[in-house]
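Pasting the structures here.
What follows is subunit A paired twice: with subunit B in the first complex and subunit C in the second.
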Partner chain A sequence: MSWIARQSLALVLALLVLQPLLVLAERGAGVLLDGTMDQVLSGAQVGVLFANAIFLALLTTLFAAVLAIGVVMALGLYRVRGEGLWTALLLTPLIIPPHIHTIAWTRVLGDKGWLSLWLAEQGMPMNVRLPLATDGLLAHIYPGPAWVMACSFFPLIALPMIMTLRRLDQESFAALSLSIPQRRALFIRAKVEARPAFFTGLIAVFALALVTYPVVSLLDTPVLVQKVYFVFSQVDQAAGAVLALPLVLMAVLATFALTRAEQSLMAGLRGKARPRDAASPSAIALLVTVLVVTSGVPLVSLLREAGPLAIAGGTDNYQSVFARTAEAFCDTGALLLWAMPPLLLLSVLAARWMARGRVGGLDAVATLPLALPPVVVGVALLLNVAAMDSGRAALCALLAGAVAGLVSVGSMRERFLSAFVVALAATALHWGLGVSGLARVILTEGPTLPVLGWLALYLPLCARLMRVAYQSVDRDGMDAARLSGANSLTRFRVAEWPAVRGTLAAVAILGFILCMTELSATLLLLRPGWQFLQVRIFNMVHYQSAGEVAALCVLVLVATLLPVMVLRLLAKGQRA
Partner chain B sequence: MLKQLSALCLSLVVSLCAQERKVVVYVSLDEEYARAILSAFEKDTGIKVESAFDTEDNKTVGMVGRIIAERESPVADVYWNNECAQTIRLKHMGLLQPYASPSAEGIAAKFKDPEQYWTGFAARARVLIYNTQLMAATDVPTTTDDLTHARWKGKIAHARPLTGTTLTNAGVHYANSGVEATEKHYRALIANDVRFERGNGQVARLVGEGVIPCGMTDTDDVSVRQREGKPVAMQLLDQQGQGALLIPNSVAVLKGAPHLAEAKALVDYLLSPAVEAQLAAGVSAQIPLHAGVAPPTGIPSGFRSMEVDFSAAATAIEKHRLDLERMFGGALPQASTEPAADDNLVLWVALGCLAVAALLLVRSMKQKQVA
Partner chain C sequence: MTHGLVFTDVVCSLDEQEILHAASASVPRGSYACVLGASGAGKSTLLRCIAGLIPCTGRIRHGEQVLQDGAQSRAPHLRKIGFLFQALGLWPELSAAEHLLTVLNAAGIRGAQAQARMEAELADLGLAALKNRRPGEMSGGERQRLALARATVHRPELLLLDEPTSSVDQARKREVRTLLYDLCRRTGATVLHVTHDHEEAFELADHLICMDAGRVVQEGAAADVHAAPSSVAVAQLLGSGSIVSVTVGEDGLADSPLGRVRVSGKSVRGAAWALVRPEHLELAAVGDGVPLRVRRRLFQGGGCQMELDVAGVSCRMQGAAQAGTEVWVRVRGQPPVVEARSV
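Here is the complex of A and B:
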């Protein structure tokens, strides 16, 4: 990658990630000094809320692990007919956003949910919102939200485990099979080799459960992230972000552990697929049960609530809600059209660079938002926009540029030159856009702000996935092409594209799903005049009829699935 | 494909640069009700409306927080609030500019700011919603104090007084009855096992579904559930005493509004009798403040309404917001407004555990690397 391309990437990361965080840090220091935080901390039970959040995340992880193991038994260890379809079905819980999971589960286990009513008749009252009886304890345990989040996130544990187990080290397995029964040998190897994937998934679920806002908001679960949003809107935006510090600390730890586990996970995914025995009926029954419970039950509840289609005329819930939200569908499509090209382009650029192995500090900068709750990223971007015209923001741009430049290259001399150039460029860009008023137009009136939020949140994940593809590019072939005089475009077409296009398609699908289902940051970043479907659902759930909300949820799921299927077909067509 | 993309980019650039007439409005009224009005304004005037809406969790205070955060470079022109205490808070902070709309002439002075920083319109009353299948009309509480009576223990739902009209209600309580009486009332509600919910909509939903027999909410929430066919009715409180609390929507032009002329046009439109009539006839059944506009069906006309000094209520909210948060902002409603002394201990213990976990994690990773 050329020097200019590298510095451009550093500049983008400086303005996208570092500058907003520096502005937030500056404002955060302000609220710590002026006593606002004292007021917040002397308010309601911050410690209890944090403890509740930890309990909730732990319970979610436990539930998710149990669900994942049920699926892994069939799809990872054994062979099942229609494996592709089952694996695709396993993605369904991830495609259903957590707030739609919540809405669906309240229809099942809510105050008047059909399962709650049945359980109440059996003398076992249960409600998805209520805590377990924990008299005498300061903190509370909420199994309902934990279950909903586990249903949503368990594929994060299951999928990497399945991929790893399908590539068990054949030689070790064969050697072990000589001394002990084959079935036991399989479990012993599986336990050893799937451990990194298992722990990576556990950490990811734990971190997500800690910071996912829509579920705890809709179920009214008193945890810290709820309080963060409350303080953000009621007291002070920066104070909300400061209050999120324990969550940030946890997320940083999780990201640290995830990046550490990444290498062993990747090593496990590189082997060749092994031949597997056919799964037993009980394993298949377990797989079907988990999928039915986690995706089937919520989907059927939504379809039931939405009511039948008015095929013979008249108006059904789908028609009436679509008529009211057609503009939101258009806006959401436009927002995604704005977001996807830069997300993919930046992912490719960052991945090309990371794949060279000299990533250093800029890798950490790019990964930073992964370690931040979406609310913090959202607040940082909002504060940055609010302070756009100020000298403080310009100073933050200068600092951000200097830091990004400093960590973007290897040698000491180059570092200072790079820091100088990127800092200058960042300040000039910030100043130029700020003075001309263009920044204001772009950031406050267009769709840019939520798009920037999504970029900051999902670039690390997409870039890291693309890096795996770039690491498989034939370096010798590239060098040979260079020596034979092929230009960079030809080299890309001949050597890079065939190696990365599959992953690029997968990243495009993942990026689309992530952006389409994001709510926590979009809730804060959506500008006047723009609508986003998930936000609309989140608001409608409070005052719209349950049938119409369910119908909108179903329509949004269809709208998410359709482009995913089109992208998959396009990717298949390319491969063919 | 390339051509289409270029056309898309060009149209986006053009749309960004074009100087069209528009107004940016922040709205705290429920999105579904406000959108219809704003669309009608767009059609009537040709002025494009860009609107942002509060979420139910942050009702009114969310938008107020946003306006405060944007005070250095305002984005919005108009704030349409579904109550008025938070609008007065903005006035006190110097974030509004006065505007005497000609459309406000028919509205009573008590619903307008004497300095013309804001104007009230289309009100809602705080009422009790009850499920007619679970509670007979004769068994329903008739006064605010009844809510604390043992007869209705565990039978009442109430939104937490931290946002929206419930917060305004708390402010009015503080302003009218004083600190001691208000806190005593809330403590009594907690002791009477009142179920505290996030919002009035949720309270009305629970009553409509028969989860709980009755709850405090606003007239619009009752109307929505009635139109859904739920077996609910409303009870106006304190009709023999101080009267029911009537809370108007309020509209104000923000200081430094980037589109001032359009903002004034929108304010004029919102304050017109036609809009009040539309809001009265709509699902939200808002009570018109212009004389001569037909009231909504289902709400008794001529009921006794409370005499309120909204400015004093707004001041009381500012003064006692933290007390309310101590009582209702935590894990469970607390009967005390004192800071929880042992709470920080839990925080530090939790953080300590985290630090130990982090150290163990790093140590195990290092050991693995060495191995």
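Here is the complex of A and C:
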């Protein structure tokens, strides 16, 4: 990795990640000292809210694990006809944003949900919002939000397990099946091989359940992240972020565990994959049941609520809500067009740099936003841009640059030089943005702030995925191109592109889905004059007719799926 | 002797670990040299240093061309080198013709001239009918030939081959060796061929470089190295012999478990290690030589060898006696002493 590339990476991370967090820390220290936090904490019952959040995350993880194991049995251990389609269907819950899941499930198990009404008639009242009776316990257990989040996140456990089990080493299985019955041998090997993937998924679901805001907000679940939003919007921005500190600590721990689990996931030494037997009817029935319950029921509920299409004439819910939100569709498209090129370009550059050489502590800096609740990233960015023309923010830029330079690789002398250069560049850029008035423009108008938020949130994940692709580039092929004197474009075309293009397409799809479905940070970062579909849905729940909200949810899902399908087709066409 | 490739004190570190420790050797211009060494000896690293693909220090020269001088390094594509990579490193998206045209175009050869050169090269390697196929549509042997064509199409002055037969089956090994030999003789390039197979090295090499733990431990004409390995490590690399402890007297005769024998090689006196090859042993009449027990008989297609127990060391010789029988054996020729033995 060249010196300039390393400094560039350090500068991007300093400005995008470290500086906003330092500004947040500075403001947080201020509210701790001036007594604002005392006021916030006085009636907040932070301990109870935190305990509720932990119980909720644990229950979500448990539900998700049960759902995941149901589909893993069929798709991982056995062979099912149309496997590609089933795996694509398994991605559906992830493509449906959690708030749409919530809206859909309230149509099933809410106050007037069809299942709630039917159960009430049978003498078994049930409501997705209510806690379990937990007399005597400090905290409450909320199975409703846990179920909704489990339906949304369980593929995070199922997919890595399925991928691992499909590559189950034939010979290690055969060796064991010589001494014990085949079914038991399969179970034992599967248990050992899939364990890292299982725990990786569990940790991811636990971390997400802890910080996902839309579900708990729409279901009025009293957990810490909801209080954080309240304090942020009603009391003080920095105080809200300070209140999120326990969530941040939990998320940092979860991310640490995730990266450890990721390492053991990658460490497997595998031979030829075991040929799988056809799945039994009961395994297929289990798979269908899980998919119907987690995606089918909510989707059908939404479609039912949205009402039929007015094909014969007249106006249906789809037409009326589309007419009302056409501008939001346009703005969302524009925001995504702004966000995707830099997200992909920076992911590719960062991945190339990281794959070519060691980047030292920069890797940890890049991973940091993965650990942070989106609300904290949003607040940090907002405060940073707002303070762009202040001397203290400039100091934060200087410090961020210095830290990013110091944690990169090399001798102490090289690190100090790097710290000096990156700090200077970061301060100059910061100063330039402040003096030119660009910061003010970013703060008050334009799409830059949400795009920056998405970059900070998703660049680490996308860059890590791309890095895996870059590590698989055939070194001999690259060297052969270098030796022949081929220019960098030819080298990229013949040696790099074939190895990375599949992952790039996947990262483009993933980045699009992540940005398109993000709500927690976008709620804070969207500027006046701009509309974003997910925010629009979230706001419409409170004042629009249920039919129109459901129709908009369906339209947004179609709008999310269409580009994904086009991208997939393009990628397929290229492969062919 | 005209020195083609000369490298002196080449040091290379990867991930803060020194892989090559002042490796030095010289290869006559236009000759076929083999670098022989065990896994992890630094053979492939040496090749990559010579190609300029990884940073190193030291001096590397090929003819009049200085490739490396201290930290000053000539860019890889200016070194006029062809490289056959162990894993081939073919470009999956390109057809065979495009592979060669990419290299020729980068070397400044374009248009009809490039087309003609490409066609000729593919025809020479029996790939003319496959010129529009991509590597994924070729067999292992065809891929190997395509990689070789790519390495030689721009007429390099120095050809580096990194274990070129490691990925082909036993039956095709001989074919690949013949192909390599013919091609290299035709192009006139100096060849450096890395291998851990001593049979392959002796079959192809005019010049042999033996490496052990990042150092060149012996180099010279293949026949000289075979006749007088400089250490136990080299003797083991050369294979097919056994290391036997001997005590060499002032008269050049040595006491050994095989009796009193005349030794060659190093002028060591006292305790030493000698290399006893199958051709050093012959069956003798009862009472002539030493009696040895046959451990097992090894059928080798054309004939048989016997494995004998020589004071706890396994030695092989030609013969077909059954396992467990006793045979009388004497030494013929002069087994080389390879290293003094500390007592």
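Here is the rule we go by: the second predicted complex is superposed on the first by the 564 of 576 C-alpha atoms of A that agree within 3 Å, B and C clash if a C-alpha of one lies under 4 Å from a C-alpha of the other, contacts with A are read in each partner's own complex, and residues count from 1 in each chain.
Convention: contacts are C-beta pairs under 8 Å (C-beta built on N, C-alpha and C of every residue); 3 or more make two chains touch, one makes a residue touch a chain.
Nothing here was measured: the structure is a model prediction, and the numbers come from that model.
Undergrad: When the two structures are laid over each other on subunit A, do subunit B and subunit C clash or fit?
TA: They fit: once the shared chain is superposed, the two partners occupy separate space.
Undergrad: Look at A:477 in the shared chain and tell me whether it touches subunit B only, subunit C only, both, or neither; answer first, second, both or neither.
TA: A:477 sits against subunit C, while subunit B stays out of touch.
Undergrad: Is A:543 touching the first partner subunit B, the second partner subunit C, both, or neither of them?
TA: Touch partner of A:543: subunit B, not subunit C.
Undergrad: Classify the contacts of A:495 with the two partner chains as first (subunit B alone), second (subunit C alone), both, or neither.
TA: It touches subunit C, and subunit B stays clear.
Undergrad: With the two structures laid over each other on chain A, which partner does A:140 touch: subunit B (first), subunit C (second), both, or neither?
TA: first
Undergrad: With the two complexes superposed on chain A, say which partner A:486 touches: subunit B (first), subunit C (second), both, or neither.
TA: second
Undergrad: Give one of first, second, both or neither to describe whether A:175 is in contact with subunit B, with subunit C, with both, or with none.
TA: neither
Undergrad: Rounded to the nearest angstrom, what is the minimum C-alpha distance from subunit B to subunit C in the superposition?
TA: In this superposition, no C-alpha atom of subunit B lies closer than 21 Å to one of subunit C.
Undergrad: For subunit A, which residues count as touching subunit C in their complex?
TA: 474-487, 490, 493-495, 497-498
Undergrad: So in the complex, which bits of subunit B are touching subunit A?
TA: For this pair, the touching residues of subunit B are 8, 16, 24-26, 30-32, 48-53, 55-58, 61-62, 65-66, 69-70, 72-73, 75-76, 162-163, 197-199, 201-202, 206, 209-211, 221, 224, 228, 321-322, 325-326, 328-332, 334, 339-340, 342-351, 354, 357-358, 361, 365.
Undergrad: Can you name the residues of subunit C that touch subunit A in the complex?
TA: Interface residues on subunit C, with respect to subunit A: 48, 51, 53, 76-79, 81-83, 85-94, 102-103, 106-107, 150-151, 154.
Undergrad: Please output the residues of subunit A touching subunit B within their complex, sorted ascending.
TA: 39, 41-52, 54, 111-112, 138-140, 217, 220, 222, 227, 229-230, 232-237, 246, 249-250, 253, 256-257, 260, 324, 337, 382-383, 386-390, 440-442, 444-446, 523, 526-529, 535-536, 538-540, 542-545
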